[in-house]
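Several structures are given next for inspection.
You will see two complexes here that share chain A, one where it goes with chain B and one where it goes with chain C.
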Partner chain A sequence: MKFKLPFNKKQTPIIVEESIVDGKMITPSKDGFIQQIKDATNNPFDLIIKSIPPNITIIYIDNLVKDQTLNEHIISNLQNKHNETPETIKGALSIPEVDIYGQLEKTIESIIHGSVLIHLDGYPQAVIANITTRESRSLAAPENESQVIGAQVGFNESLSTNISLIRRYIASSDLCNEKFTIGKRTNTSVALLYMNGIANDQMINSLRQRITSLELDALIDSAVLSEMIDDNSLSVFPQMLLTERPDRFCDGLLNGKIGLIVDGSSMAIICPQSFVEFFQSQEDQNLRWHIATFARLLRFTAILLSVFLTPIYVGALTFHYEVIPQAFLVPLSESRALVPFPPVFEALLLEFIIELLREAGARLPTKIGQTIGIVGGIVIGTAAVQAGITSNILLIFVALSALASFTTPSYMMGNVIRLIRFPIIILAGFWGFYGIMLAFCFILIHLLRQSSMGAPYLSPFYPPRLKDMRNSIIRMPIPFTAKRPALTRPTNEEKFDPKPIKPEKS
Partner chain B sequence: MKKYNFYLMLLFLSSLLSGCVETNILDKIGLTTIVGYDLGTEEKMEITAVIREVNPEFQSNVEIITTENDTSKGNRMKANRQLSKKITVGQMRVILFGEKLAKENLHYYIDLNLENANVSNGLYMAVVEDETAPLLNYEYKNIDDIGQHIFRLLEQNISQEYMISPTLHETAHDFYSIGRDIAMPIIKRNEEHIEMSGIALFKGGTMVSSLPVKDSFYVKLVRDSFNSGFFETNLKEEEMPPGLLKKPSSEIPIVFDAIRSKRELKLIDASTPEFDLNLKLKARVLEIYPDVNLGDPELVKKLEKTISKNLANEISRVIAHAQEVESDIFGFGEKYRSKVRNSELTKEKWHEMYKNMKVNVNIDFIILRNGVFE
Partner chain C sequence: MKNSIRLSSKDMINAYLLFFVIHSAQVGVGIQGFQRIIYQDAKHDAWISVLVAGLATHIVAFCMIKTLEVYGSNDLYGIQQDIFGIWIGNFLNALYVVYCFIAFFSVLRNYIEVIQAWIFPNLGTWFLSATLLLIIIYAFTGGLRVVVGVSFFSVILALWIFPMLIFPMKFSSSEALFPILETNLSSIFKGAQSMTFTIIGFEILNVIYPFIKEKKKVKKYVHLGLLATTIIYLSVMMVSITYYSEGKLLKTIWATLTLFSFISFPFMERFEFVAVCFWMLIILPNLCLYLWAAYRGTIRLVKISGTKFVWIFSLLIFIGTLIVQTRTQINSINTHFGQIAFYIVFIYPIFLFMITMLKKKITSRKG
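So, the complex of A and B:
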């Protein structure tokens, strides 16, 4: 059985598509043109065709255009005009984006994106006025990545809003913005953003190539895109960061990373991203370095706890009773005394219940979701112990590891942390600590083999980069971290010239 | 394709191996906390094991089982026949030897436990006056779990440095190194309590003599450095410098707290052999009768000298006793072996030389502070 990757990852020279020369042209006659448009768009219910005497026809799709602009700047300007040409109409309209196209395909594309077609009887061209309006919600605080100190604004589903947010953070002409269209049926706009002069050209090229060579039917969310274009789609570990925080996105760009924003998705993609960076929060930059370091160490301890605590319980109770401290021995064996199952089964059962609660809490409407916490925490927990299905101590361990897994700032990575616990528990139940070690080695080797846009995933620990370690599981003061991480291979390495931390005392 | 199949097969086959692993589920095993070895009356050895079991009634009870057999494993099988749970030795904390057994030979028992990978090398070993079975089987009024109790008793005294450390690791090391003999604490039952009563001295694997528990301080001083704990000594009147006492009394007890001791052993003459033992001791005086005049620095100097002399006498006495019974628990032989080239020392050879060994004890006792309250 051979796994086939969904796309070709090898770099091939970009083939510039030849522009369609022999496309259908617009018919000059009024009725012919209307019929042409109706055929091409399958005559939808919201296609509005309006004739303005003597020879002007306006066609647009309702709900996609701004009604006010249509009335004030187009219809009122076109009324009572005679013997016009497309060029004069283009000049007469008081709106910024006006074009004249002769090809049918282009006109169809622009009408479904929200343009108004203005056709003059007898001319094989159409004037296209772009007055798009898109429904989008207003800006709100990022719900999945909330933080105490820092900006309280998150991306929303509109591409143009998101880009304007980024441009507000980085007011620089070096901020490059390239547009791609992905999806044969959805024609989703994707923006590729990077800082010219910081980001590595090779990386930009390879990302550009990965996007253009992507043949997708539909692209609904950026998570799909990131899974399609990352280095190893089969790995459980995400290799690109999905974030809904514009400040984190901009910080990434300024460190030489490359960003992708998908229209209609509130999560932006940042790459390359190393494993360690998934456990950093943007808030770490805003706090004093001591506190940020403490928070990061706390998070890394939490991961270890979350992944290994339950397996160690299972391994110690099933095979290695020798390692249990003497003071722990009696309470542990007494709490286990009533449990009829072996420790593996007990642990898996409890982990399963916790996962059920989490999944139910995520799926249910917010109002009911709160009751799930009460039901799960109090009722199931105490009842399970009293019924003698699980031991008290395991309940604490499982709750602790579930709690610890929620400290991961990236939700995607938090999911992985929760998932990889299960095989380790099973291995611990089969082979004890040897099984845990086997799993640990397997995960470590897997992580070592991963890459993110070709950059080593375990950077800065492997390959070791001492300077980058200053901002990894600890955060040194800002003057010590004046260099951009080697992970991104930035064209310009220095962020700024570090001055002495304390001015010299005179 | 073939490659993946191979790995999948390997994974599948290795998962079957999990059936071969022996499980020891905590609530299905009986944890031995103490094992006491005695000489058997009919067969070679008698073993008394203190086993902790956990029952579904949320109670843990302690079973004490005495069996007799020729081998240790045979004893375990015999004990297993009396218990509902499998006996394991991984949580064993203390091994006790009956005095009679210790006077024969412990070689077999040290090897036995050293070779068992399940037995921790950090467990303590001790000798019980007379036999272990009565000590373990006695129903003490205030002691709930005798296994825990004896372990805690030894542990706290050893960590406070009141007693020499007799872990399996150290004992085995001393036993197998040439020019060093083993020593273990002696415990006994005193009415409703268990107490330490002395130090057992061994020659090879055989217990040859014992020292009173008070002397453990001197033994520790000579064996290695000393960093905590306090000690009491009696100064005789004739040793006292004149003018130190406000009113004459025959004996002055003094308690000091040794902060740091430094031991230096020098071989001066390889033929006799003769050693110089230089001990530097810094201490605080914790308790002293008020008729001692400590206000004058001159007198304090003299007091230091007196204590030094007193300590030197005591240490010489302890060493002399050990020499008499040919038990080198201090490791003079190791020093000799490391200093003399091609000595080709064997245990027997050293024990011959050890009898005639001369040790010059020089003690430098310094009182850092006096009148310290704890």
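So, the complex of A and C:
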């Protein structure tokens, strides 16, 4: 983890005031216990305290527990019965997760997470029954990573739902699931998932260490976590994949990658991830290899176009007229005849408008968003050309590169593609093709310097791994990709025995 | 043996990457205009000179590898210290660092000259040299892994330029090559010697050797890399001789770029504008590798951190590019540097090889 900014050096770790509950034990008396809980939880109005005669008190937080279970399995079991010790209560309850704690701290922690406290007057212990329920939306299709062929289900914000989705894809005892709590104030649950026997132990350890050494006040979304535990947080390129597709997540796990799911976030983190893999879609696995290869090549062309097309236009028009073929020079000069600005300003203006439309479309409600798209595309585009602010041809180029940038399956990477275009346009405006080449070399070196969980970012191209290249910007038929990528340094390399399953020709 | 370099396998590179390192270190600014210089000496048999020079690189590389193998895991700097003692050895090391410095400088200055001559006559030398140096500093501070990565991508991404030679081939006549061996042998050898400036770069092997994982495979990939370079030079030379008329070639300074100038596609004309800019990627490994080699030598002499070294080095180069301004100056630097490099790259390794073998015999007799 390289998140060492100069101004971070003197920062002291976040100190949460030690609360009154530390190290205390539960008071045996009924009133004392109630007061203790009230003090520790700051007496919220949804704290429900209910006495069950003769000697039992039930305390829980409303909306966090399942009402039906509470009624049927706890209250009805305890009512009108003489319970002597906490152990007998534990035996009497017909729910699976029941514990007995004496420490106040643990008791408070569990009531916050949705347990019911059952206190027996005169005993310094409390029985804790976990019957948590959390509000969460129902499963829906993944909107940001939609596919034509493939599963139509995405993660939602509930950790337990997400894990059950994954367990449905991978019904194996090798699927390891470790729980961490991050955030001093939010106490967010984070699950670390990997396949035992496939994932590299060293990599798991280093990720585990990065998570535990993280000192955060609050963790609201997994995107924050992924930025904090990246190899190089200062780079514009993301080094971990955020996905909302369970099938993509599971495919990663099965290839020896490590996954992280944050409670309350619908995006799961997958690492290590190489640069090329950001431009792969899970759909590529579901399509025939010819079509998948075509789609991948198309995407790569799109990225190159998206990054370099406008800069080349700017560079060629500002400095290198000679490069433009004669037949093309005439329409180009005609369309630019009325434009009063230099090409670099013209291009920046138009790129700015396109970005503005994209941002407006993303922020507005869907219904209005569509209107904005039409208004922007047709009205502003046509009007700009007629007003003589931009040339027709540049309009095509800019629209093309914007379109191309949206083919990137990962939204995070798509943003990067759109962003790095701007400095290159400016460089091209000042120093022509030399400026473009400078930017190209800089990006190349920058990518070479990056790593994802210590694995080379440009793998499988550098270091060159011919076997992994079979599934990079092309996708060879499945029998040729029977090995797991070396990127993840898997413990077990073989996926399956690559023999054709076809019946033999007799 | 003393001073041998111990490295963890994490810092080492695979032997096959040596192919790219050697090849990319050789191909650089020289190829843009080596035809005229060779042609002056060897006339239309210049391609034989190229072949002879290519053969010489193989022989020298063979000697280099033999010398390095004696020491197991050590570089030229350590070998010199071992053979000549600490004082003379360090003096030679310092000379070699200076050699790397001049090589770096001459590549950079030549490239700046090309850019100014072909595309941006008004762009300041200081600007071009500063931007290129910044890129190189960025690559260098990433360590050897990044430097080798740059070499690798430089070779792979520049592959498409080679087939561009087909365009001028349409207009060439093979009669220009005949009669073969019309020029006398001494002229051909003289031409081969003039190839020095273009063909050097493979001496990086002397420094990078301890960083190779599988030492046994070094031979194979070094020779493959040299062969690839020779083939490219040979084909460029053949095309140039057959394409240009005799008088024209003698007057063309950057014959390869001029070859490109009439290549046209439906979407692009005057290919040399793209080629000159794209050449940045081709000279990048040249510069990075010389810088890295100089650094390896310097840390044998004085204790200095990589970052400090690279900034001092770059500052000196920057000042140098400002001092050397005219075409004649650059040309004379090229010529002199070529002559010195001939002795350092082609003669000295053979000499060193013989001394090493002698020393090995003496010590083994004693032991």
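The working rule: the second predicted complex is superposed on the first by the 477 of 506 C-alpha atoms of A that agree within 3 Å, B and C clash if a C-alpha of one lies under 4 Å from a C-alpha of the other, contacts with A are read in each partner's own complex, and residues count from 1 in each chain.
We take it that a contact is a pair of C-beta atoms (placed from the backbone, for glycine too) under 8 Å apart; a residue touches a chain by one contact, two chains touch by 3 or more.
Because the structure is a prediction, the values reported are computed rather than measured.
In the superposed model, A:480 makes contact with neither chain B nor chain C.
Once chain A of one complex is fitted onto chain A of the other, the partner contacts of A:449 are limited to chain C, with no touch recorded for chain B. Looking at the shared chain after the overlay, A:337 reaches chain B, while chain C stays out of its contact range. Of the two partner chains placed around the shared chain by superposition, chain B and chain C are both touched by A:322.
Of the two partner chains, chain B and chain C are each touched by A:431. Contact with neither chain B nor chain C is seen for A:300 once the two complexes are overlaid on the shared chain.
When the two structures are aligned on the shared chain, A:463 is found in touch with chain C, with no touch to chain B.
Overlap of the chain B and chain C contact sets on chain A: residues 319-320, 322, 324, 326, 431-432.
Every residue of chain A that touches chain C in the complex is listed here, in rising order: 319-320, 322-326, 328, 431-434, 436-438, 440-442, 444-446, 448-449, 458, 461-464. Looking at the complex, you find that chain B touches chain A at residues 1, 4-5, 15, 18, 21-27, 29, 31, 52, 54-60, 88, 90-91, 93, 118, 120, 148, 151. Across the complex, chain A meets chain B through its residues 1-2, 316-322, 324, 326, 329-330, 332-334, 336-339, 342-343, 430-432.
Within the complex formed with chain A, the chain C residues making contact are 14, 16-17, 115, 119-120, 123, 128, 131, 135, 138-139, 142, 145-146, 149-150, 152-153, 156, 264-270, 273-274, 277-278, 280-281, 284.
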